[in-house]
Amino acid sequence: MAAEPVVCQFRVRYSETDQMGTFYNARALEWFEVGRTELLRAIGVPYAQMEEQGVLLPLTEAHVEFLGRARYDDLLVMTTTAEMTGRARLRFDIQIEHAAVTDSLPLGGGPGRGAVVRGWTVHAITNGSGKPTRPPEWLLAALAGQK
Amino acid sequence: MAAEPVVCQFRVRYSETDQMGTFYNARALEWFEVGRTELLRAIGVPYAQMEEQGVLLPLTEAHVEFLGRARYDDLLVMTTTAEMTGRARLRFDIQIEHAAVTDSLPLGGGPGRGAVVRGWTVHAITNGSGKPTRPPEWLLAALAGQK
Amino acid sequence: MAAEPVVCQFRVRYSETDQMGTFYNARALEWFEVGRTELLRAIGVPYAQMEEQGVLLPLTEAHVEFLGRARYDDLLVMTTTAEMTGRARLRFDIQIEHAAVTDSLPLGGGPGRGAVVRGWTVHAITNGSGKPTRPPEWLLAALAGQK
Amino acid sequence: MAAEPVVCQFRVRYSETDQMGTFYNARALEWFEVGRTELLRAIGVPYAQMEEQGVLLPLTEAHVEFLGRARYDDLLVMTTTAEMTGRARLRFDIQIEHAAVTDSLPLGGGPGRGAVVRGWTVHAITNGSGKPTRPPEWLLAALAGQK
């Protein structure tokens, strides 16, 4: 029960850099949010509409591995997948790489030239007041690609 | 080889909230940075000075568990510890709780009333150009409390 | 009809720096928000409580002058004042300086050694659904110092 | 001596919202930075290359008017122009509007349906160590469209 990977591109903003000359670490979680937004749109359940219908996906856990540098204005490619984990949790997996082969220094032994960040987030499924709920059928169907 | 826990307090800024009415998830990593800064200052090796001496601590991995809500202007308490992990990596562990007992809704089954975020970060130790280096003796001594 | 200046201190966070090695410009507006929060608390009308009572202060205009550099971990002092402007707008004026005399380079001809940022924000006064309202009497009284 | 307007589109990120349900005010300055980046790229002098050549454009002044709401995932259009102001300062003017006609509530009497933010920034022109310099000929030529 997993959606097809969704790919999007973006550039590192100046506001996302820090004095080390690369992106500031917390920006990775902001990018992950963009990846989730684009995946949910791609499978037909835009998150803005989900929230209006009273279905929220608050984070319960996040994990980030920093694999390489990315500088201001670098063009990055983000690949996002999603699947249910257990009965009531949704998990997104994200990979971010350089769009083009670069000479930027790998940091920490990444899995390959060009990798920047890899990670995942786990989300509860709640109603508008934050109470856990069962995943709606339309969400499960969208994730399964049975639209 | 671990420093004593360092405790600091801070309030949730309006800029750190999102439309769900609680703090935005990536802010946790920004708060962790504040915790690291205060721990390194407390053990006598302020990070601003470390960087000037060409010792950097870029993140290689981060893990965050979201345990409860925190709203704008809530007063939070952050407890930070640090220790070497392996020969060449530094790990910080962080817990963030409400400063006072609150009625805020636990999210995801936290370990106790008032918990907000728990997590850790792992850091490489590099020189000014990003090349991994051995941890300096003064850093090991500071972490061991042998100031 | 102006409140006494309210002064607070804070340190530049690493997450607030950018690759130019000083704070990123938009952080000034986030700091201004902290200044407003502390002023409203000091005059007895904490903004968190105002929002709960359905009185919001959305920004309509902001102006920022960047007067000098401030680096990671620098200790800054922020001075905030507030007054009504016209019948239905609230204006905050902010100055941010280094807490201690520093050798940081003035940028753009600041008004004195140590100045970092100066600016103001103007706010509408609205109800919970964003509709402009008259300023409540308790807000005017708090601003006038007639608590 | 002004470059042609440069137009780009972007969506409001979840991380850019606040608990008022619209974008947080400081995000406007982050968006302005994206507008500057795209304008400089469009006229042939990408800012990443400028910085590598030791030409920096630190902000000295910024002004923002908030004209209307924009919510998470709203598609916005940003129009940026640039011109020299005086001999040694560069000014960017920015307008941000909804990409489509929306029913979002105007705030503060905007100039028209769909306007979100309008503002400008003024920049010094400095060398890599922050010292003001004359604008390079290639920058003036690019701004004048004499590429």
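Some notes on this structure:
The chains carry the letters A, B, C and D, assigned in the order they are written, with residues numbered from 1 in each.
Heads up, the rule we're going with is that contacts are C-beta pairs under 8 Å (C-beta built on N, C-alpha and C of every residue); 3 or more make two chains touch, one makes a residue touch a chain.
Fair warning: this is a prediction, and the values are worked out from it, not measured in the lab.
Greatest centre-to-centre distance from chain B is found for D, with centres as Cα means. Set against one another, A-D and A-C show the most C-beta pairs in contact at A-D. Comparing the contact residues of chain B and chain D by number shows a mostly shared set, over half of all numbers used being common to the two copies. A separation of 23 Å divides the Cα centre of chain A from that of chain B. Centre-to-centre separation of chain A and chain C, using mean CA positions: 34 Å. Chain centres here are Cα means. That of chain A falls 27 Å from that of chain D. Among all residues of chain C, those that touch two or more other chains are 14-15, 19-20, 26, 29-30, 33, 51, 71-72.
Contact residues on chain D toward chain C in their complex (touch as defined above): 19-20, 22, 25-30, 33, 51, 56, 58-66, 69, 105, 107-108, 121, 124, 130. Of all residues in chain D, only 11, 13-15, 29-30, 33-34, 37, 46-48, 51, 71-73 touch chain A in the complex they form. Touching chain D in their complex are the following residues of chain B: 14-15, 17-21, 24, 26, 71-72.
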